Structures are given as structure tokens and as C-alpha cells.
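In C-alpha cells below, several structures.
Okay, so chain A shows up in both of these, paired with chain B first and chain C after.
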Partner chain A sequence: MNPALKLIAQRLALGALLLLAVSALIFAGTQILPGDVAQSILGQSATPESLANLREELGLNEPALTRYFDWLGGILVGDLGTALTSGADISEAVGKRLSATLFLASVAAVISIPLAILLGLVAVRYKDRWPDKLISASTLASISLPEFFIGYLLIVFFAVNLGWFPSLARINDGMSFFAKLEAVFLPALTLTLVVLAHMMRMTRAAILNVMQSAYIETAELKGLGSFKIIARHAFPNAIAPIINVVMLNMAYLVVGVVVVEVIFNYPGMGQYLVDHVSKRDVPVVQACGLIFAAIYIGLNLVADVVSILTNPRLRHPK
Partner chain B sequence: MDLKTIPISAWIGIISTTCFVLAAIFAPLIAPYGMAEVVGGVWEPMSATHWLGTDNLGRDLFSRMIYGAQTTLTIAALATLVSFTTGSLLGMTAAVVGGWTDQILSRFVDLLMSIPTLIFALVVLSVLPPGLLTLILVMGVLDATRVFRLSRAVAVDVNVMDFVEAAKLRGEGRWWIITREILPNALSTLVAELGLRFIFMVLFLSALSFLGLGIQPPQADWGGMVKENKDGIVFGIGAALIPAAAIALLAISVNLIADWILNRTTDLKGGRGGQ
Partner chain C sequence: MSDELKYLARMAAAGRLNRRAFMGRAGALGVSAGLAGTMLSSAVYAQGAVKGGTIRVGIQGGSSTDSLDPALATNATAAMLNKLWGECLVELNADGGLDLRVAEEYSSSPNAQTWTFRIRDGITFHNGQPLTAEDVLATMERHAGEDSQSGALGLLQGIDSMRAEGRDFIIELGSPNADLPYLMSDYHLTIQPNGGKDDPANPIGSGPYVLKEHEAGVRTVFEKNADFWDADLGNAETIELLVINDDTARVAALQSGQVHMANRVPPRVASLVGRAPNLTVHSEPSAGHYVFIMHANTAPFDNKDLRLALKYAINREEMVEKILFGNGSVGNDTPINAAYPLFEAMEQRTYDPEKAAFHFRESGHEGSILLRTSDNSFPGAPDASQLFQQSAAAAGITLDIRREPNDGYWSEVWNNQPFCTSYWGGRPTQDMMYSTAYLSTADWNDTRFFNEQFDQLLVAARGELNQDTRRQMYADMGTIVSEEGGLICPMFNNYIDATSDEVAGWGPSKGFDLMNYMAPMKMWVVG
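Take a look at the complex of A and B:
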């Protein structure tokens, strides 16, 4: 078998195994730790009888292992259970919110990835001059600024002062694509600013690494212009590390979405998760936690697979 | 140490961090009003009596900022302490003992790190009893994974040095080797990391409080104050931006110091750990 395919199959299997372990960890985190679900639903004044009834109803008297496999079996067939607080079907609620979150995240990705790569290239071209220094300084600022600071600044500027975009990102099914795009512009811009600096800094590092190769010197000696060297010789060889960085930042973006959705009151997964954490609605929290973790692991896996695929030594074995 | 060798950026960081720390320590002496004292109308603008105006309930924003510094800095510092002691001790133990202990600890840390920190914190906070202790422990333990990785990596390097070998040969116990041989040699790397972890804790705590899952009102903390005042933003009232800016300023200041320490320690080691 082709070693690249074998490696990829290995990674995928490991990813599945990791996901299984993560599901066990999330389940254990919500079940074995102190704190009683029935008690937290009914409050301190609940009578012992009503507590016992609720425990029976929720199946809390079963052993933890049985409940875990019931839960896992449900997930495999797309049944995430029902919410404790509203009694609503979780899969149904999650479906709509997940697509809203993915829409927001992909708009942010479409803006941030090309911009980060372009700015990374510019930083390499003007290494140690002011564009490069500016980019380094903005990295420091961007890892220091909390998401809500960026978000509210954008709201004050673009929504309150200029009135260009709405301050609350409300979307619904009836809206046209462009109306939706306008609604998510500010949250997407916030996410972009959160990941942009790190992404371009890593792009810069990846290209600079390649720039030290002998073939770049050859290209320089045969008299190519510096942008041409970067675009034709350095960039193609730096693609693998860049894709890796992009995927890691996309994974980060999926988490950043939680806070950004709350800032802009966006009806996505993050908002849904946060609401149900404060209501102590464990089944919803478990389901959302697992989905977020799965996306995170999935994106890391894609990064792995892409770096295997772009490695010519693995693609063309001797 | 020659004070003149400290770069200007580090000075800015040191001075502004000191201001924050002093404000936190002497909060009751500096704050003109009480933390939860209602002293005026809702969202009054900045004035001579209320330097930063008033908040969503008519409390003095400047006083709350100072008390907020106390809460935020204390909780973040305690969580950093938890994270560092557990992370570095376990990390160094894993490196020195090796074998199965190392395997089990390292794989468990890998597993914890494969779930985004904020998401796992939310999952756990949904069942744990609310309170400051819970918050400190959850933040500390989740962050200890990163300290574990760093200190394990450094300890693995130091562990093969001749002086550690010598200590083992003359029959010193593992505890002695970890605390007397490895810890002092790993300290410079860990100190630089300490600043970054502390900042991460401040941001993490603020995010949790902003989501309404961290420190509970009426206790003042910066993330919670952003949440309290965020409804004013759409009316053009910037009260929520002030605590948010304070978080950003503190984070940048500590980062400037950490950068400087990091550069110094890499110089000392002949560039190890640099780009």
C-alpha cells in the first residue's frame, strides 16, 4: 500500500479513537463529578420524593457505564436526547444552530485566510522594515485583546457611529444570502481580527524558513525579482505548513465563536451552549461540548492529512 | 542587574503592571466609593465626582474598576499558582520517572488538550457547584496541561545532564532530583511562561465572567462589568469598553515584560528556544 494512504488511514483511525475517548471524558466530566442533576433542576427546596421521581425519570439510577453507552448509541444514530429544561429534541435545535455557526465561521474564514496569507507574504518581502514590524506589533496586540473588546469597539464604530451594519446579528431562514451576509459582517470581522495576526505571523515564519533553501539562492542569483521568488519558489513549498496553521486557526475560530455569538446575540451553537450551561441542562451541554470537540479534532485531523498529502516524499515512494 | 539594559517596552510593561497591582492591593483605600454602593443615576457621563461615570445601576465605575482589579488579579493569580504547581510538578515527575507513569500522564494531557479549554470548562461548570474555589480549580487544572508539556520538555533535556547523573549515582531520591537539580535549571523558562499563563488566566476568567459563568454579581470583576454594561453600547454609552480596555492594557503590559524575560533567557542560553 502507498505509505501516504497508510499514514492517512492511521491518522483517521487515531482520530476516531480520540473522539471516543473525548466523548467518555465529557460524559465523565458531567456525571462523576460532585453535583446532582436532579437537585440542580429542582433546587434546594425539593422534597426527597420528587428528587427520587426525577432521578427515576432521567434514568439516573442506572449505572454510569450503561448510561454512557445509551448516550453514545443515541449519538451514533443522530439522537442527542432531549433538553431537561424545555423537553425539546436536542438534535433538531442543534441542526439549525450548527448551520448558523458554520455559516459565520466560514464567512470569517473566507475573509481571514487570503488576507493573512497576503499580509504574510508582504511581511516577508519587507522583512525588518516597517510593514513587517507593524505586523509583529499587531500580533502582540491581538493575543492580548479579549474578543469582546474587539467586538464592542467594532459595534461602537460601525453600528452606532456610522450606522453601516446592525449591532445585533439576527438571521432567519427567510433572509436572502446577501442580507445574511450583511447581518454577520461585524461578528465575522471580529473573528477575523482575532485569528488574523497569528495566522500571518506563522505564514511569515513558514515562508522565511523556505527562503533559506539553496534553490531560493539560485533563483536570486539568476536575477528573479523578489516577489516572483516568493510567489513562484517559496510559497509552493511553504503551503503545507501554512495549511497547517490555517487549520489550527480555524479550530481556534470555532471556539472563539462562543464569545462572539454572545456579543452579537447570534443564534448559533455557542449561544445555545452558554444558555444551557447557566440553566445546568446537562444533556444539551454534553451534546454541544461533543460537537465542538468533534469539529476541533476534525480540523486538526485535516491539518494532519493535508501535511501528509503535500509531502512529495510520502506521495511518491521509491 | 543594570537598569539601563531594560528596554523601553519592558519599562512600559513594568510600570503599568505595577499600577494595576497597587490598585488591586490597596483597593479599599484608593476607591472613592464602595464596591456596590449606588451613588448616582444610571450611566452618568464622566465628571469630577465620578471620574469614569456611573454604571448600569448607578454605581461609581472608577471604584468598581479598582475593586474589579482586585478580584480579577487575585483569582487569575491563584489559578496560575494551581496551574503551575500541578503542571510543573507532574511534568517533571513524568520526565524523571519515565516509563508507564510518563505514558499515562502524557496521554491523559493529550486527551485533555484535544478539547478546547473554554468548551471543556463550560461542560464542567454546568455540573459543579458555583463558587470561587470551583472557578480557580477548573481554570488551574485545565491550564496545567500546557505547563505540564513545557516543564516535561525542559525536564527531559535537563534530566540527561551530567550533574543529574551524578546526583542519581550518589543515591539522591527522585524528589531531591526534581526540586534541587531540575527545578532550578528549568526556572528561567518557566518564569517567562508564568507571565503568559497569567495573561491567559485573566482573559479566560474575563471570558467566563462575560458569559455569566465566572464571578457572580455584585462582586466586581472586569469581565462581569463588561457584561453588566454591554446594553449601553447601542445607545452610544461606552461604559462596557472601559473594563474591556483595562483587560487589554494589563494583557499587553504583562506580555511586554514576558517578551523581555524570554529574550534575556534565550540570550543566556546562546539562543536556545528562540525562533
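Take a look at the complex of A and C:
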């Protein structure tokens, strides 16, 4: 068997195992949240009778282990269950929210990843000169500002003062692709500003590291142009660390955007999860937790696999 | 007032002068911005309602966990939805009285124990089915039933039996209650076909709007119900509700013109929002109040002197000024204010460190007192707790503040811990407010207030049909709660809503914010 394939298979198996462990953790975690789902659903308007009625109906009196295996069994056949609070089918609701989140994440990724890598390459090319310093200073400044602040600034300028883009990122099924793109422009821009610096700095550092190597010197002595050296000789050898940080940031774009969703009132997964945590809607919290974990693990797997495939030493071990 | 100003207001209302220009000209004539704004809105009102168009509402208080079952409505969005697609027997009006909706008249036996509601003829549900007294009966049965999870279950507990006779729906009470019709205005008690027993979360009602699209906690779209029985109610052709829970996002949506109205403008930005040329802020007195609650049966709060010490140790004016930014009024340690019918003012308790110190000594209590608070117990609760800590310190009383997480506050702290911050929304009548939280047997007796004399007065007042006697009884109850109770009520909060000048028709109301949640249907798009 090809050793690279074997490595990849190992990674996949490990990922699945990790996911199983995470499912147990998620389940245990949701059991120790303070408060009670029936109380949270009824809020201040709960009476002892209505509480008892609701608890009975929600099956909260079953032992935890039984509920864990019921839940796990359901997930294996693609059934995420129904929300305790609204009685809605979770798979359906999550599907809608997840596609919204993925849409926003993809728009942000499509803008930020090429931009970050390009800026990283430019920074290396003009190392320690003004373009490098300008790029580093501005991206580091934008990552240093909290994302809600960036979001509010963009709203004030582009939505309230100039009126170019909507302050509410509302998307629904009836909208055309370009209308959706316009709606999510400001949150995507916010996310871009938040993740740009990390990827750009990593690209710069990884390539600079490679630039110390003997073969770069050889390329220079051959008389190649400096940008060509960076793009053709240094970048391919720096891909592994870059892809790792890119995947980490993509995972963040999917699972860490709740603040941006709240500011732009975007109907994504984060907002959906927070609503259900505050209502102790355990099945939904568990489903969202598992999906987030799967995305996180999945993206890291991709990073691992790409690192393996781009590294000749791992591809052809002695 | 000059004729020129009136002329200008008419011009502006007719759209021949924009609002900014009008405000500028009015300012030049020496009229304050507030007065000019009022003149403009009354001139717009005089033009009459305009039918058609789309009204978009940004609303706080909605979640993706919300069900469409009216029985389970707990927040502003759910209540507004109920009122758009459904209707109750009666509706609270701006004078604190009741407007007839599904009921065309109601009457009681002389002892206020048997109530008869005559159901309006010719009302149909959105599915074309006629609305009958049987549907009303089924609705009330569902909410009052033993396995009910309805938010209105507590209200309906005094009912002995109910029946439908022809067009009449009849309620027999176990004991007299002169306020029973008010209970029927509760937004949970939306009339559904067969009471919603078959499909509780199906939004088929008899309301002025038909629900077209709905995504819980995100967006709901309504269209005018062409068959609605009352041609006066409902102006816009389409109403779109957008749930925007973030304060800043809601205000920005209003400023950038994405919504026409928004509720719960934060007090600290209300005056800034009002300065925007295209927006009007409506700060309306309400019966809602922000409170500190002590369990009157738990040490050390079981000591009347200690309770009085804390009541004298709070600076109410300072709270109204610094927590509400002036958008409210001082409380008097009762849950009742002038928003209620039959309200009788009593002597105002004021901040008095000496009296507080005296009562604190009398109580014999040593050491500090633990106050629990959280951000969501009311807006600014941690700040208010600190103000309380400082004003109490001047009287020699040490308050320790513990900040609890928002999460789980209502299940773990409120109604569990002996001293914490909380809030109450108002109720339509004094009886409902007192029965909900101050009667010894009340489920939410969050001050653990057990007073026989108070209970007797409360029950007696329900059967008292002489308004003057009743007024006196409520005044006596207020005195008892203020003297003996565990409630420290420093302030009544205003509802702060804002509307853009693309809509008109704002008017006074009682009940909840956004004109008792009816602003979307009562206001109209300016031509």
C-alpha cells in the first residue's frame, strides 16, 4: 500500500475516533449546564404545574446514558431529533442555518485567503522596506481591534453614513446570488479584516524561513528574478505551515463568527446555537456542537493531508 | 402658536416640505424640536391613515427557539405575532379600558361571578371557517386545562366552569372578579379554530394579517387579511418583522432606513437617536418596573426594620437619572403606578440615610448583606446595584454585590435567592399585578410576602363593584406592600421606541411597548 494513502487512512480513522470522543464530551457538557430546560422554555412565566407538565412531555426524567445512546443512534442514521423548544425538525433548521454560515464563510475565505497569501508574498519580496511594514502594520492593527468594533465601524461608515451596503445582512431563499453577495458584504469584510493578519504573517514567516535555504541561494545565483524565486521555489516548500494556518482560519470563519452574526443580524449557526443554549434546548446544542466539531476536525484533516501530499519526504519515505 | 408654523406643518405632512426643512423653519420661529416634532406628527395624523405599502419592524426579544403556539409565547416577538394573525375577545385601549374585538359585548351577573361574552357575528378564520362561541370555549379550555403549558394558565385558575350557548360564551367563577374581562385581553388567549387543540402551532387565526413566511427568531412576513371584519384596523399591505436582538444593530437598521420602527431603544442612546433628523423617539410611561426583591420570610430580610432600612437607603431619583437617563419615574415600593386604573398616589418614600441607619440599628443585624444581580435582570442592573451600594454605605449599611451569569438567572437566582435584582412588566389591572406576585398563594410570590390582611383585601376588592370603595381598597393594599413587603421598587421604566418619518400614526397606548405591539398595524406608510 502506498505509504501516503496509509497515512491518510490513519488520519481519517483518528478523526472519526476523535469525533466520537467529542460527542461524549458534548453530551456530558450539556448535562452539567446550570438550569433546567423546562424552566428556561417557560421563563418568568413558569408555574410549578406547567413546569411539571413540560418536563414530563420532554422526557427529561429518563437516565442520561439511555439518552446518550438514543441520541448517538439517531445521528448515525442522520436523524438529529427535534428541538425541545419549538418542536421543529433540527436537521431541517440546521441545514438552512449551516448553508447561511457556509455562504458567509466562503465569501470571506474567497476574499481573505488569496489576499493574505498575496500580501505575504509581497511582504517577503520587500522585506523590511515600506511595503512590508505597511502591510504588517495595517493587518496587525485590524486584528488587534475587537471584531464587534470593526463591524460597528463598517456599519457607521458604509451603512448609516454612505448607505452603500445594508447594515442588516439578511438573506433569504428568494434573493439572487448577487443580492446575497451585497447583503453579506459588510460581515464578510469584517471577517476578512479579522483573519487577514494571521494568515499573512504566517505566509511571510514560512517563506522567509525557506529563503534561508541553500537552494534559494542557488536560484539567486542562477539569476532568477526575486518574485519568481519566491513564487516558484520558496512558496511550494512553505505550503504545509501556510495551509495549516489557512485551515485554522477557515474553521474560525465557520465556528467562531457568532459575534459578527449578532452585529449584522445574520441568521447563521452561531446565533442559532446561542439561542438554544440559553433555552437549554439540549438536542439542538448537541447537534450544533457535533457539526462544529466535525467541521473543525475535517478542516484540520484536510490541512494534514495536504501537508503530507506536498512533502516529498512524507510522500516517498525511505 | 403662529399660523405660519401650522401652515408649514401641513406642508410637511403633505410631503411638500421635508422633515428636516420643517424642523429648521420651526426652530427659526423659536419652537423647540420636541414641540415641532409633535406638531408634525399631529398634522400627519390629521391627513388620515394611508392604506397599502410595506412596514418593516425591527424587534428585540425573539429567538429561533420560539414556537408559534400562542400558549407558549413569552417574548415581544411572539406576542406581536399573536396579535397580527390572531385576536382576543377584548383588547386593552389607550384609556386603560377595553375595546371589543372578537366579543361584541360582555356583561356580568350582579355579583360579578358569571360573565357572558357575546361573540361577533360574521368573523372568519384565515382558512374560511367561521369563528364560533365553541372555538372560544375550546381555546379557553386548552389554556386552562390540567396539562396546559400556557402562560395564561395562572390567569384562568379562578374559573369554575365554562360553556358556549349559541353566540354566547359564558364563564362561571368560583368567586367574584370584577376584572375578569381584562384577563381575556392576555395575548396568549388568541382565539384559534377549535382552540388550537388539533394543531396548536398552526398560525390560523382571525387577525388582521395572514402569516405568509416565518423563520423563528429571524423574520416573519404578513399580508393584510382581505376578509378582516374591522376595516379600520390594519393599514399596511405587508408587514415584515425582523428580529434584531443586538441593540446597536437595531438602532443602525433604523438609522439606515432598513426598518421603520424599533422597540427597546437603550436609554443611554435614546436622546442621540432622537436627534437624527428622520427619526422620532417615543418614551412612553409604562407599568413596568425595575426592582430589588427581598424574601420577607428569610433571614435577615424577615425583619421589618431591616427591610425598611434598605428601602430608605436607596436613592430613587438618582436611579431614574443614571440608569434610565430620565426615561422613567420614581417608584414607591409598590408595583403600582399611575399607569393603572384606580391608582391613588401615596406619600413618596425618599432617600433618607438617617432613617435607614436608625432602622438598621433597630434590626440588630450585623455585617454585610449579599445582593445578587446580572445584566439581564434589567438593563443596567449591575450599575444600579452599585449605586444602591453607595447610597446604603452612607447609612452605614454594607452591601456585597455578586454578579451572577445571565445564563440561568431566572431559574437559579430569581425566586430562589433571598435578595436579587429583577424586573416586572406591568399588568392591565392592579388585581392582576397583585394576584400574580403578592397574594400569599401566588406562584411567583418572589418577595415571599404572606400577609393575611392584604390577601383579604385583594379578594374582597375583586367582588367590589363600587369604584370609589375599590380605589380605597387598592390604596390600602399599596400601603401594606410598601410598609411590610419585600419589594424595593426604585423606578418605573418608560418604553422607548423609535419610528422613522416614513411611517405615521403613532398614538398613546397602555400595555406593552410599540403601542401595545399594535404599532405595525395601526401606523401607516406616509404617501
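Note that the second predicted complex is superposed on the first by the 281 of 318 C-alpha atoms of A that agree within 3 Å, B and C clash if a C-alpha of one lies under 4 Å from a C-alpha of the other, contacts with A are read in each partner's own complex, and residues count from 1 in each chain.
Just so it is clear, a residue touches a chain if its C-beta (ideal position, glycine included) is under 8 Å from a C-beta of that chain, and two chains touch if they have at least 3 such contacts.
Please read these numbers as outputs of a predicted model, since none were measured by experiment.
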{"item": "Touched partner set for A:Arg170, first chain B, second chain C, both or neither", "value": "second"}
{"item": "Touching partner for A:Val262 - first (chain B), second (chain C), both, neither", "value": "both"}
{"item": "Which superposed partner A:Ile155 touches (first chain B, second chain C, both, neither)", "value": "both"}
{"item": "Touched partner set for A:His276, first chain B, second chain C, both or neither", "value": "both"}
{"item": "Partner chain in contact with A:Leu121 - chain B first, chain C second, else both or neither", "value": "neither"}
{"item": "Which of chain B and chain C A:Tyr296 touches, first, second, both or neither", "value": "first"}
{"item": "Which of chain B and chain C A:Ile230 touches, first, second, both or neither", "value": "neither"}
{"item": "First (chain B), second (chain C), both or neither touched by A:Ser50", "value": "second"}
{"item": "Contacts on chain A seen with chain B and repeated with chain C across the two complexes", "value": "33-35, 40, 152, 155-156, 159-160, 167, 262-263, 276-278, 281"}
{"item": "List of chain B residues in touch with chain A within their complex", "value": "111-112, 114-120, 122-129, 199, 203, 206-207, 210-213, 223, 226, 230, 233-236, 238, 240-241, 244-245, 247-248, 251-252, 255-256, 259, 275"}
{"item": "Partner chain B, residues of chain A touching it in the complex", "value": "18, 21-22, 25-26, 29-31, 33-35, 37, 40, 140-141, 143-149, 152-153, 155-156, 159-161, 167, 205, 251-252, 254-255, 258-259, 262-263, 273-274, 276-278, 280-282, 285-286, 288-289, 292-293, 296-297, 300"}
{"item": "Chain A to chain C touching residues, read off their complex", "value": "33-36, 39-45, 47-50, 53-54, 57, 83, 85-88, 93, 96, 152, 155-156, 159-160, 163, 166-168, 170, 172, 262-265, 267, 271-272, 275-279, 281, 284"}
{"item": "Interface residues, chain C side, partner chain A - complex", "value": "63-67, 72, 74-75, 146-151, 153-154, 201, 213, 215-219, 242-246, 248-249, 252-253, 255-258, 405-408, 410-412, 414, 443-444"}
